[in-house]
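Note that the chains are named A, B, C, D, E, F, G and H in the order they appear, and that numbering of residues resets to 1 at the start of each chain.
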Amino acid sequence: MSQVKIALFVNGKAQQVPKDALIVELLEELKLSPKMILVEHNNRALLRSEWDGIKLEHGDRLELIRVVAGG
Amino acid sequence: MMSLHTQPWSIAGKTFQSRLFVGTGKFASPELMKSTLACCGTELVTVALRRADLSGLDDPSADILNFIDPQVFQIIPNTSGAMNAEEAVRLARLGVAAGLPKWVKLEIHPDPRYLLPDPIETLKATEMLVKEGFIVLPYMNADPVLAKRLEEAGAATVMPLAAPIGSNRGLETRGQLEIIIEQSKIPVIIDAGLGAPSHAAAAMEMGADAVLINTAIAIASDPRRMARAFAVAVEAGRAAYELGLPQIRRQASATSPLTGFLAD
Amino acid sequence: MMSLHTQPWSIAGKTFQSRLFVGTGKFASPELMKSTLACCGTELVTVALRRADLSGLDDPSADILNFIDPQVFQIIPNTSGAMNAEEAVRLARLGVAAGLPKWVKLEIHPDPRYLLPDPIETLKATEMLVKEGFIVLPYMNADPVLAKRLEEAGAATVMPLAAPIGSNRGLETRGQLEIIIEQSKIPVIIDAGLGAPSHAAAAMEMGADAVLINTAIAIASDPRRMARAFAVAVEAGRAAYELGLPQIRRQASATSPLTGFLAD
Amino acid sequence: MMSLHTQPWSIAGKTFQSRLFVGTGKFASPELMKSTLACCGTELVTVALRRADLSGLDDPSADILNFIDPQVFQIIPNTSGAMNAEEAVRLARLGVAAGLPKWVKLEIHPDPRYLLPDPIETLKATEMLVKEGFIVLPYMNADPVLAKRLEEAGAATVMPLAAPIGSNRGLETRGQLEIIIEQSKIPVIIDAGLGAPSHAAAAMEMGADAVLINTAIAIASDPRRMARAFAVAVEAGRAAYELGLPQIRRQASATSPLTGFLAD
Amino acid sequence: MMSLHTQPWSIAGKTFQSRLFVGTGKFASPELMKSTLACCGTELVTVALRRADLSGLDDPSADILNFIDPQVFQIIPNTSGAMNAEEAVRLARLGVAAGLPKWVKLEIHPDPRYLLPDPIETLKATEMLVKEGFIVLPYMNADPVLAKRLEEAGAATVMPLAAPIGSNRGLETRGQLEIIIEQSKIPVIIDAGLGAPSHAAAAMEMGADAVLINTAIAIASDPRRMARAFAVAVEAGRAAYELGLPQIRRQASATSPLTGFLAD
Amino acid sequence: MSQVKIALFVNGKAQQVPKDALIVELLEELKLSPKMILVEHNNRALLRSEWDGIKLEHGDRLELIRVVAGG
Amino acid sequence: MSQVKIALFVNGKAQQVPKDALIVELLEELKLSPKMILVEHNNRALLRSEWDGIKLEHGDRLELIRVVAGG
Amino acid sequence: MSQVKIALFVNGKAQQVPKDALIVELLEELKLSPKMILVEHNNRALLRSEWDGIKLEHGDRLELIRVVAGG
């Protein structure tokens, strides 16, 4: 039987994930190493400790951010 | 050569010996960046935050933080890319979520041509971030009244520009910078536009507490040596400021006895 | 901090590491002068010649040469006080009679107000002294054609001024100095008027081979530290010159990625 | 001598030929002020508003408006003395109550030492006054981003400073002024700090639309002649800007044929 | 606009009202040169001397003298092209043979790159030409001692450079020029390098007696208007010098009463 | 019988005037020539045409302003 | 019978002219308008009035100069 | 019998010394320490080795010079 999908906006782009997916699963899907990614969920910056408490829902807006070189 | 023993200084109660901030942008490689930081004695380093690349092309090894030891360096995330106060605050919070210290170099410069800071949004973001307990180091134009308002809003330092970022034009705003330094109760860090060690030394001789250099070091043929050149120039300028520079005179003042050789 | 490893250079075949000449005038005491020379790494030191005081008041202990080790420092007598070429030549010869090396910093500046050098007498004296086998380092105004004529006459270096002696005004003659440096086949030493480490660094960044500092060091509240400040500033400026300074740009050049935070 | 025929320009739809604003402060007498305005061709004149002296000592004859013909001059009240946006708005309204045109030179500078404008209050007052239908000419520091925000808020011009009011220091903020001029869609009037006709000419050569002069004219030994000197210097600088100035070259470019006289 | 009534001045007993020398080189046509001279009020005009073209290609109509009325203008032949004093003297004599007045703008600059004058040959030629009864106006670098020696040798004026000929760099040699002006007993004419009316005004404000402009006028899109712009800028700068410029202050000096609006 | 007085704040200073006094009367009292004075009444700038419509009351705050030379 | 020629140096170049030629004849030969030319003869600048008194001789050095535009 | 004196010009001033005096004797007379003095005799700079070879004569011009601090 087919699994239900929901649509998120990740860094401004639409992205399909399974319902109730976790942030780590999303990052896996996107081949992003969790320990290097900062996550903002619906405009709220998340501590890593908060990640697993969050079930992604249809329409959620996420920003996946990295620390890079800068002046 | 003996050290110049310049005075230590502090931001928000944290003491530093080096008066050279180094930005991490534009280095040919993170390894080169790392060894450059190591050999110039800097204690204050800036980084940026950006959206991850979803195309799967991000180099997983390229986490800049792997190359900066937080035990050695005060890492300060900047908010470049923010178009307004709200975006700047969101970026600052992400830095904390990343486990970075609650310090932020506040940069809000919408215009991509000159990257000049927005005074209104910068003051607004400073007020918001101070309320949230951040140590705020705002990048600003050389505006003495704005400097006082940022100080009153609780900024930990002000970071007025000498010239546009990466322009290497030197102390173009000298007149206004002198007023900012004279009036400020918080450290004044000259940021942006310093392209040569002599520029950095001159900024320190004016009484600036520190300078931030990025482009001129990162794109040099040998960033390590250039970083050291800036580091010693900063020390030289600071030492001269602490000792007091001689007065500028219109006429000459002899360095040899003026009695003539034959005629007296 | 590691040294900046700037290139050694030479005058008349003699090699030096330091690019800082120090004048010995105006120090509070010869002891202070001695320790100042010792701690800044200079290798080139100037002295003057003057009529002895016949009133019997000359302090017999005050022989400046007792305070400068000729094994460590290249001692260069100057001809200040000479009103014309002939007097300058007589002074130079006396230096040799004194057992000083056959080097001379040629200074002919009749006017006591600005102590500016006389181009005609300076060229004439250079020709005479070169003929007698002297290593001639002429003090001169920032005149590129005169610099070439002194070079052709056999001067070992040229020593153009940045501003009047002791004025601390900095690189007032920058435009002409750049031309002198571009055209010279002999070392160019910027002499007079440099009042701050940033001035010395800027002179070196222009490509000068060395600078001479006296007043700004000797009258400082702590000549030893000020001398070190100048010494490291000279090294910093030279290192930047050897590495090549970044191009000056009218517009900004970002040091952080310019993709926006939200909007790209 | 023939006129220089510089282009007319306009503020809020009103056209002017003169590009010289004259401030009325500091003249020895209102009669001298009046004749000075008359002989320099200015069309734009500023005045201030102040509390009346209740001690009964106010000279009833000294109404400055008796000395400025509104048919000849655009009279622009300033808001100097205002400590914030609200006070500035109240002063502007009083000007209208006085029957003055609904124009205002917005000045908010709490600090009496450098009289530098407050960017936050200035933007706020501009928004309020534009809403009330005023033609707003804000005095501001040389901040290009603030200039754009004032333009967006509906300011009729921007009036960035060259240096502190009355300092006569000239174009200290040149670097930032060039950016303001390049980016502005409204007239840029350089205000404050211009102390010599050459400063005014240089401001116009940069592309400024006009300059405001007060101190340098009012305190001159002969304000009438000095005003004319500034007026023609402004015309000269503007004409040069309209014609385009020659490129600055590092090397020389002969004005006489370079074939030698004997040798070719 | 009324004239500025600047003081007349004189060279070797001949009085002039205009303080603008115009060089005749580089104009698109002699007709354009002629009308440019006519409309800017200049009274002093330079020309050069060159070997005739023996290929028969010389345009017989192109005798520059047909375009300059000696009744209106003081025509001054220069010696550009001379490599040394002897050649300069021969050129000066040819001018006289041509029926030109016995005036000469002495130019000896062997180097074609920067066209900088040779101080030694220039002094030598001045001595020779003065002996022959010439009115000598020597082009020179900004060397105050050379200026005094040329004065002592009988030069009618000195013509120190601001920057290399045709470089349009402005008053690069300001520091030394101020000393020359302070010490000179003969007129000081700033020659070469002035590229904008503001440069010319600034030279006059320093106290120069006159300036010579060629390139910036001749190559302008409209030489007539540019010449007028320079002419009025020269008058403005001179008037300001005669009136005395206000003192430069570090702090501000209010132009409106400083009593507050509400608070006093 | 004695006339009732009220207290105003004029340019920040207390000032006694008869009840219902008019602005022109106040200016007379202060020896200020009306045609040179601008009046702000309780923070509202007044047109001259409005002056006579205003009866001064106890506690009113007035600013009496002049146009002066300024840069 | 053939006419005798002499060699001059005119503006640094060899030039043949008839013996005893006058300066005006030389200029004619060179198509130079006399009234626009200045002449230096053996390093001596000549006044126009002196021209006709001079017979050009073998080896004479002449400079023929014009007044031109210059700064 | 009294000793014959001669007059010298030392640093521009007249100075009496015994006939045939030596430079060292002059310096002693003037209380100048020889090892710190440079001597120019009738416009000729002398090496120390030359001092003793010189017998001072009437009218001799001497310059007694010291090395001092200078820039």
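FYI, a residue touches a chain if its C-beta (ideal position, glycine included) is under 8 Å from a C-beta of that chain, and two chains touch if they have at least 3 such contacts.
Since we're looking at a predicted model, the values are computed, not measured.
Engineer: Using the contact definition given at the top, which chains are in touch with both chain D and chain H?
Structural biologist: Touches both chain D and chain H: B.
Engineer: Could you quickly compare A-C and E-G and let me know which has more C-beta contacts?
Structural biologist: Between the chain pairs A-C and E-G, E-G carries more contacts.
Engineer: If you average the CA atoms of chain C and of chain E, how many Å lie between those two points?
Structural biologist: That gives a centre separation of 34 Å.
Engineer: As a quick test, compute the distance in whole Å between the mean CA positions of chain A and chain E.
Structural biologist: Each chain reduced to its C-alpha mean, chain A and chain E end up 73 Å apart.
Engineer: Per the centroid of Cα atoms for each chain, what is the distance between chain E and chain H, given in Å?
Structural biologist: One centre to the other, that is 55 Å.
Engineer: Would you give the residues of chain C that are in contact with at least 2 other chains, written as numbers and ranges?
Structural biologist: 23, 25-26, 48-51, 78, 80, 90-91, 114, 116, 164-165, 169, 214-215, 254-257, 262, 264
Engineer: Find every residue in chain F that makes contact with two or more other chains and list them.
Structural biologist: Touching at least two other chains: 63, 68-71.
Engineer: Which two-chain combinations qualify as touching?
Structural biologist: Here the touching chain pairs work out to A-B, A-C, B-C, B-D, B-H, C-E, C-H, D-E, D-F, D-G, E-F, E-G.
Engineer: Where on chain E is chain D touching in the complex?
Structural biologist: 1-5, 23, 25-26, 39-41, 48-51, 78-83, 87, 90-91, 107, 112-116, 164-169, 195-199, 201-202, 205, 214-216, 218-222, 225-226, 228-233, 235-237, 239-240, 243-264
Engineer: In the complex of these two chains, what residues of chain D are touching chain F?
Structural biologist: 23-27, 30, 33, 46-52, 54, 56, 58, 60, 63-65, 77-78, 80, 90-91, 93-100, 165, 212, 214-215
Engineer: Per the contact definition, I'd like the list of chain F residues that touch chain E in the complex.
Structural biologist: 12, 63, 68-71
Engineer: Enumerate the contact residues on chain A facing chain B in the complex.
Structural biologist: Listed in rising order, the residues are 10-11, 13, 15, 30-33, 35-40, 43, 45-48, 63-71.
Engineer: Can you check the complex and tell me which residues of chain D touch chain G?
Structural biologist: It comes out as residues 254-257, 261-262, 264.
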